[in-house]
Structures are given as C-alpha cells and as structure tokens.
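When the chains are written out, they are named A, B and C in that same order, and each has its own residue count from 1.
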Amino acid sequence: MARDGAVSVEELLARREPGRSLEAPFYTSREVFDLDMKLIFHRHWIFVAVEAEIPEAGDYVTVEIGTTSVIVVRDDDMNVAAFHNVCRHRGARMLTEPSGVVGKIVCPYHQWTYELDGSLIHAEHMGAGFDRTCHSLKRVNVRSLAGLLYICLADEPPADFDALAEAMTPYLAPHRLAETKVAASIDLIEEGNWKLTMENNRECYHCATNHPELTVSLFEYGFGFAPDDADTDRAAAMEAYERICAEFETRWTREGVPFAEIDRLHGCATGFRTQRLAIDRAGESQTMDTRSACKRLLGSLSEPRLGGLSFWTQPNAWHHLMADHAVTFSAIPLSPDRTLVRTRWLVHRDAVEGVDYDVDNLTEVWRNTNEQDAALVAIGQKGVSSPAYVPGPYSPYTEGLVEKFCAWYVERLSSALSSTSAETAPRAL
Amino acid sequence: MARDGAVSVEELLARREPGRSLEAPFYTSREVFDLDMKLIFHRHWIFVAVEAEIPEAGDYVTVEIGTTSVIVVRDDDMNVAAFHNVCRHRGARMLTEPSGVVGKIVCPYHQWTYELDGSLIHAEHMGAGFDRTCHSLKRVNVRSLAGLLYICLADEPPADFDALAEAMTPYLAPHRLAETKVAASIDLIEEGNWKLTMENNRECYHCATNHPELTVSLFEYGFGFAPDDADTDRAAAMEAYERICAEFETRWTREGVPFAEIDRLHGCATGFRTQRLAIDRAGESQTMDTRSACKRLLGSLSEPRLGGLSFWTQPNAWHHLMADHAVTFSAIPLSPDRTLVRTRWLVHRDAVEGVDYDVDNLTEVWRNTNEQDAALVAIGQKGVSSPAYVPGPYSPYTEGLVEKFCAWYVERLSSALSSTSAETAPRAL
Amino acid sequence: MARDGAVSVEELLARREPGRSLEAPFYTSREVFDLDMKLIFHRHWIFVAVEAEIPEAGDYVTVEIGTTSVIVVRDDDMNVAAFHNVCRHRGARMLTEPSGVVGKIVCPYHQWTYELDGSLIHAEHMGAGFDRTCHSLKRVNVRSLAGLLYICLADEPPADFDALAEAMTPYLAPHRLAETKVAASIDLIEEGNWKLTMENNRECYHCATNHPELTVSLFEYGFGFAPDDADTDRAAAMEAYERICAEFETRWTREGVPFAEIDRLHGCATGFRTQRLAIDRAGESQTMDTRSACKRLLGSLSEPRLGGLSFWTQPNAWHHLMADHAVTFSAIPLSPDRTLVRTRWLVHRDAVEGVDYDVDNLTEVWRNTNEQDAALVAIGQKGVSSPAYVPGPYSPYTEGLVEKFCAWYVERLSSALSSTSAETAPRAL
C-alpha cells in the first residue's frame, strides 16, 4: 500500500519489540486485516456459539466470520454439525436468519434440498447424468468443549484442541454448560481492530477508573496482576487479597472444583488460560450486589460462594463461570476498524425468568462494562491511526497478558506466513 | 489484490468451465468490476432509455453508467442526440436532474452555453484568442431501435447493431414503442453483482417457487426450457403447452406479427435473443388476471390475445411487449455488489390513466417479481462471497440461457483484454 | 491503480499544462489524495484555529488533519502550544471533544497524565526502571499570525513562515484578531476534492450568477480580475470601480492601514496573497446591507468604511477582515471527494450578542455563499470523475488566481516527490 519505503508484514512481524504495543499497520491496514482473517480466523479454533442455543434436533444458528457463513446445527442424531452456508448449485446463501429450526436445509433459490448431515437429496432438472453425491454441503470442523462450541474453517484444524479439552474439561464440568439456556444475548460493535478488543480484555490496568460496576465484585489483582516489589503502598491490600484467596481455595477444595491456574497462552496454536478467582464482598457472582443473579445454581452445585472461573482462548474469546450463571464472549472482526462482540448470559435450563432470575440484574455488570470497553477501544483505534503513534511500553505488572496475546498473535501469523509462502491461495482476487 | 497465489483475470477467463457458474472474483472483485465497466459497459451498446421519455424538442434524460453521465436529448430537428454531461471549461456536471426540458445546455458554474447539437455558443471572459469550436460537448453514440434507446460510450461502437436492428425491427414495429408514454418507472437497487442480476433474469428454474404473481401468466417452459427426455412426469404438461403454443402461432400468423425465435446470444458483440411466447389463461398480458391492463392497445393492434414478445439484449436489458403494454428493464452496475434495475411500463401515448389503465394493476406483476428477484440476487451475492463457494453446475434443461450469458461475457471480456493489452488506458489512476 | 497504461503521479505532474484545470486523478484518485495528505498537509503551514478560541490557560481545541489529531492548547505561561493527541502508552486518543478546558492532559484509558508542556508526570504500574522523560507528548509546530493559528506537522517546517509574518503583520495588526471572540462557527462538508474547494475560492467568475448575497457587497473585479482590453462593454463599469477604489485608498491612507497588494502565491512553500478591497454601496462590511454587523469595531478602529482586507494562504485558507468583524475559512480534506470547510466569524471580544451584533445578520452572507459554493464543488467533482473529462482552459481574465493555486500545488508536490524519492516513509502500510 505504501508508495515508498514499503515494509512488508513479514518485516513488521520480525521487528516487533516484545513488551510494547504493535506497530500501527497491525491495527489499521487492510492487508493485515485480510491476513488476520485468512491465517488467524480461518485456521484456528474460533469460539462461536454454545450448545444451549440449539438444544433440539433441527435447531440451528448461523455464524459469520468475514464473508464466510456457517450453519451450526443439531442433527437428527443429536450431534452438533457445521456446514458452509453455501448451496452447491450456484452458491446462494441458504439460511438467512441468525437462528431457527429446520427439517431439511432447502436453498430458497432453486430448492436444492440437503439432509442435516449435508447430503443433497433433491435437485430438480439436473438430468440423469448428475451425481448428487458429489454435491453435499461442505463440512466445517466443530467441537463442543463442555457446551462451548468452537469451529475451525481449515481442512486440517490444529490438533492441540485435544490438549485444551483434556485440561479444561474438569474445570468446566461442574458448571454443566450443556444443560443451560441463553437468558440474554447482546451484540455490540466496537469501533476498533479486533486485536484492540482482545488487548483491552487481557488487562485490568484500566478497570479501576473505567468500570465502576465491574469493580464492585472484581479484585483487580486477579487478572494477571504481578506485584511490584517497590510498590509498598499496595502491600497491605495485597495481603488482604491473599487472605481472601486462601479462604476461597479452602472452599474450592471442599467443593471439589479445580482452581489451579493454567497458562498456555502462547507457544501453541490453541492458546488458552484459566484461573479460578475470588469475588469481592459476598463472593458469589459478577453482579451489582455480588450475590447470585439466579436462584437455581448451575449443574448440581449447591455452594453459591465459588467466585468465578475465568477461561480465555486465543484468538477471540473469554468466559466467566460462576455458581449461578456463566457469561461467554466472542470477538469477531468485521473490518480493520470494527469488531463484533457477542455476549451471552447462561443460566440453568430449568431456571424461570422472573422467578429465579431477572435479566436486568443478570446482565447489568457486563452490559455496562462492555459499553465502557467499547469506548476505550474506539479511542485506541483513533490514536493508533495517527501517523504520530509509535508502540509504547506495556506495564510489567498489569499488562503481562496483553504481551502474551501479542506474542501468540505474532508467532501464529509469522508461522502461517512462512509455511504458506510457497502455497497458492484458494482465491485469486 | 491477492497477496500470494494470485491468478490474473486472463487466467480466470481461460480456465472457465462451460456449464458452471463463474468463479467468485467475477462477482466480488473490484478489479473485475472495473474491467466490466471499462470493457463491457463502455464498449457495447447499452439500453438506457426509451424515446417515449423525450417526446418534444429540448426534452432530456440524464443517464449514469459508472462515473459517466450522459445527456440524452431530443434536439431541435427532433432527432435523439447524446452528449457527455461534462462542461468543456472545468468539467462540471451541467444537468443534475434525471430529466427535464432545456432550450440550451447551460453550465451552472460559469454559464458556458451549448446548443442542443453540442456546439459552444457562449463563454464569457475567455478572450479573443479562444476558439469556441474546439470546445463542443463530446458526443455519445445513440441509436433508437423502434423507440428503445441504446448508447455506446466507445468512439467506435460495435457495427453489428445494424444486424440487430434489421432482425428485430419487424418484431417490434407492430407495438410502435415510439408512440407510447411511460406510465410508470421504478428504480430498484439489487444487492448483488450485475451478472447475478442478469443470470437470474436468464432462467425460470426459480420461478415456480419464488414468483407467485408472475407464474399466473407465465409458462415456465417459455424461458429457454429444454425438455428432459427422461422426465416423463412432465410429458403431459409439455403436450398441453405445445397445443396452446400452436393456437397462438395461428393467431400471430393471422395478425401478421413475426414470432420465430432468434438466438444470437453469443458469438457477436451485440448479442440478443427474441421469442414470442404464449401467455397462460386469458392469454393477453402479464397481469394478475392475465387480461390487458390498458384498454387502448399499442400501435394499431386490435387483437389483445397476442401473448408476449420477449427480447433480451447483452449485456444489460430485457423487454416484454404485449398487445396492451410493454415493460422494459435495464441493469446498471453500481459497484461490485450493487446493481440498479430500472423498470419502465409503456402504454399507448393517448391512453388515459384512471380511464384506460390503472397503474397499480399495470405494475403489480413486475413490481413484485422484481422485489423477489432482488432478494434472490442478494443471497446469491452473499453466497459467492464466501471462500467456500465453488462454481456449481447449471441445469442443462432450465439454465441454458444463463450459460449463454456467461459464454458471451467471457468471450467479450477475453477478446477485449487481448486486443487492449498493447494499448494505453485513457486514465492513469 | 490502473491495470494498463498506468501513468505515475510524477508523469502527471510533469505533463501538466499551465492555464488548464488539472487531470482527473488529481481530483479523484486515492493515491494522489494520500500524497496530498502526506506531502502537502503534513509538510506545510496549515491554518487550523484562532487564538480567540483559547483565551485562558488550559483552554484547548482539537484539530483533525486526516487521521492526525492535534491538541492546540494555551499553556500555563499563556503561550499557545500544540501536541499530538496520542498517549505515549498504548496510543489512545486522549481528548475527544472539539474543545474544552483542562488542568492536565489525562489519558482516559490508564490515566497517564501530562502537563500542559507535554511532560509525562504520572504513569502507574510502570516500575522503577521506567523513564517518564522519554514519554512526553510529541510536539507539533504552531505559530500565531496576529491571532490566526497555523500548525505544521513536519519536524522541520518551512522557514518562510517568517517572511509571511513579517509581510502580513502590519496588515492584520489594526484588526487585533487576538482580542476577538468567535461569534459563530459553522462546519460544512463539501462533496468534492479539496483542490476543487480551493479553486472555487480563488475566482469570482462564478459569483455574479451564483452568489446573490455576496455580490451585494462584492465587486467581482476585486478577486484577481484582469481587464480584457477587447471587452469594451465593461469599460464604463471598470472606470466607476476604479473611482471607488481611489476613494477607499484615500481613506485607508488616512487611517494608516496598509492596502498594497502582495502576491507570493507560488514559488515558495508558504504561499500567500493579500489585498485590501473596496466594498460596494455603504462600503462597510460583507453583509446584506453592506453596513457593519457589529457596532463595536475591531481593535481601536473608528472608521467603519474600511472595505475588506482579504488574505489567502496556500494550501487551505482564506480570511476577510473588515472594520467590524472578520471571517476566517479553512478547508481540510476528508477523502478524495469530501472536504470540511470550517468558517468562523470573529467580533471584538467585548461585543455583546443581541446588543452589538446579531448572529443571523453577521453570518447571512457567507452562510449562503458557502452553501452555494458547496453545490458548485459537488457538480465539479461529479464532472471530473467522468472518463469523458479533459482539462479545460482557465479564463485569462478571471481565473488567474486559480492557475496560481494549481501552479503552487504542482510545484510543491513535484518538489516533495523528488526530494523524498530516496527516503523511507514513516509508515509502511
């Protein structure tokens, strides 16, 4: 794009300085965005939905990643399957609603009809020589991680999802997400690059001033906060925090829920991190009064004071699971400077709205927090778009997870570029 | 545009498989769109208007093809002339309304004034050395085909318009389109590439399910339907249809209107096809009750049961002429994924609204059909934009004319690219 | 951008014909626009604000030039300073309002805090090794020319601003713009390239027909009008005009305000022109009745019949200073085909709205004139976007200043391109 002095993406990646924010083109250029879509979002496991959205056979959701539309459907055997939402005739998008129920998948254009396993069972006027078996819907890889649905658009998805599943299943299992329902879902468009959305999510340096609702329940020390030995002012606060953590650990041990931190945020394709964290005050939930928002607890949990299990996956998701409800977040890039953040609040599938929970109360903390974060991402995008922007230093004490996100991104993009340099791209233009 | 594995447009054209839809870049890429505008829409005869819109001297319409604006005007000798809508001073667009009446063409910026023959007759402050004769408006080629106005933006337009005119004049003449008026005109923007608009127009495979209003009067067998010998279910329906056609042929012969199919859809610059088709039920018109929408028949026709003369021209138009009214359609590309479809309904110029015809009744079928087609084009565009899209097979029985449209397009673009590879483009950037 | 026959910007500049409008890519292409932003708007002195907007310490305005945001602030020593509006931490835009008052500049993201001299005084969690002195806000060059604020985004701004200041200060001083207040400010977006906005500003060939309000007070002969010896019709009008000018010159001499024309519009980086012009009828002000719009005259002026001092600066500004008020205009490119025109009306800072002046009366002439010009710029942009556009001839009698604007632009862009061809650009993508 540059007229002179052009620097390639490879050079930008190679010269990235650890401990500092990325150079501007990573946040602003169309070329990098296209690479992000192709090499990150089309080759990694992407969190897109929850099983709770499609409990019955024929229930589906459609998911859009860039110009790719995917149907995630519960098939007749009650398994979750995923297909490209592209008719094999002339390519029409078949299902145009975000969710619904179907018996078969019928293209509205010329009524080509597919089973829920993707096989073409009807195509009129195609003649005797036409082989339907060559025109099944294209499958998309999909995995349920204890009810959290991840898809991968590559033919050969990263194999290390198995390692993720093995490590995380014991942490997630007690909350039985597959037995929940979606009590609320909100889409928010942030006016910034998806990596600014993720970086914002990976630190709480900004929380104290910007998130009055969230910080009622949240200890800022939780999110990757490393104590600064020189910072004697905080010594007392840290000590109090550690005491509370010890109490929670006793309770977690008693209830048999794993809590040890796992941090595999980089060095692998399917990077993730988990940590069970104390909650302040009543200790129950990320709500305005820190108490459970839903009377019916998740799974067979009976102790409401479990704090919150936080679980982050690269490149685009984070989740908070409490005793009474869970909140899942996905970030989907829309353009170099726009990102969709979809938030879903899950409660026990037998919980009754108005009796067991109130949606306003359930969603108040993250509804507000998301909007505050959107404003921060927007000023971030405006700033890095200035020619005067240069990468600045991350705090070694509060922005360590931001650095790990960037390190993962840089290593994945570098690796994909070097391995694909000899390949040909699927589409020419 | 592609970072790696780039395939040129020439290669995409060369590897196109007959009998299948085009590869995605033909529908989605800016580069192909720019070539379409330059090599198809600026070098072929494009249907843009009807004489009925400009009956009197000084009447004009403005027409936009890409960033080119053209004035089509009836001059003082009652001929139709066309000029670029660009002042020869500093280039301002002079006429900004879609239609109107002028005595002279006066640029609103500095009042440079042109006759309706394009000559500059007034330019103040230009001094003694200024030669007005070097600053006439630039002419655009324009032809009236029995009242249908086609323009060509190239200096040397395709010569085979003469062959088209010779073949088609006898078919069109009985309807005397030059003696009509525009009873209604509707612009619709379809959210798809112009070639998807055209492909949709060239088949009726989709009609039965999607066009309840149109199929009241329409036999789907009409639009290029080829019987499948193996399809015994349709044998009875085809036989009934052929009986009705025979009755119409008798009537057409008696009324002296030509009806033999002409199909020159590819192999030439100015591709076209015509066919006079039976109309179902009352047999008169494409209306909800299949009866004439206008009491006053066109020209000196007296038999209302004439079915409909369909006339398609490459790259962008189709027309249906019945005994009582005609409908003309033009598709103008706006961007890779947006197309303007302009529909005009023509009735005898002496017909009186509210007495001889009712606009709602006249337009009901195509108003609805166009909107249904727009929805189909939109899902077509969304689907082919997915990286998962691959060209699919056309039905040999119902999509033969779609194939002919694509074959024409591919041969014209290939030919233009090979002939211009040595030339220089008129504009640099 | 062009597929074939590509012509570089350098070639387009080299082949530019003096006396004719520019070739289309200068008005329409993204590549030229990016160069305009980089080489014209980021390397020259750009008029952006007036001192009257920030009278007190801590008062600031933010200014956007392309994606660059600048804070112009009155510091604690009552000097005007300018900084990039980009936090040195992760680059967030700090001040998001167009104007306001601050004690310190605090980034809303993580509360990094800067003094009004740009020094970083607070950054939490950065550890003992962090050197705040390396993270001051980046300064932007700013100069006040008798109250008119010009910034330059280059590290080494053109030195000839000093020559401009020396020449212009005596002309501007009597109006004491630093002692005014902004009585009204209007932003208007013109749908055209910024150079069409400027060209339109540099001639009055279009005034007689398009500007009924402006031409009440304006002699069209004023704006660079050169008499055509052959144009005998105008001889009487010119003679009358010269008589009026002589009266004004007597008055200007008596009042001690300089009035001799200075024309350094090209041949230097900081091109400008000034001329004190007669005003028609009452001779006082650019108002509908040509009388003062504000009872309180500017500075210590006591004679209201001073006509108007016009002052134009390359690339983006013009100003009209009368005895009772001044109007300043800046044009800021937004995209190849959109330009922001900001107009400010200044009156004596002690003038009282509703007593000394009425805002509607004060702004009526230029409010209307700007909207009329916006319409002309829009048809200009549409016209030059047509492939049929070719550069046309400027009037030697009324468009001499348009030619000088284009000559300055061509020489500045050519010179910048030849001097930077060996350099590397600051940003790659």
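In this text, contacts are C-beta pairs under 8 Å (C-beta built on N, C-alpha and C of every residue); 3 or more make two chains touch, one makes a residue touch a chain.
Going by UniProt, the chains are A, B, C = (Fe-S)-binding protein.
A quick note: this is a predicted structure, and the numbers were derived from the prediction, not measured.
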{"item": "Touching both chain A ((Fe-S)-binding protein) and chain B ((Fe-S)-binding protein) (chains)", "value": "C"}
{"item": "Same-site or different-site touching of chain B ((Fe-S)-binding protein) by its copy chain C ((Fe-S)-binding protein), using the half cut", "value": "different"}
{"item": "Euclidean distance of C-alpha centroids - chain B ((Fe-S)-binding protein) vs chain C ((Fe-S)-binding protein), Å", "value": "48"}
{"item": "Chain B ((Fe-S)-binding protein): positions in contact with at least two other chains", "value": "31"}
{"item": "Complex interface listing, chain C ((Fe-S)-binding protein) residues touching chain B ((Fe-S)-binding protein)", "value": "1-9, 11-12, 21, 23-25, 28-29, 31-32, 199, 205-206, 209-210, 228, 230-231, 376, 379-380, 382-399"}
{"item": "Of all residues in chain B ((Fe-S)-binding protein), those that touch chain C ((Fe-S)-binding protein) in their complex", "value": "31, 34-35, 42, 66-69, 84-94, 96, 108-111, 124-128, 130, 135, 138, 153, 420-421, 423-429"}
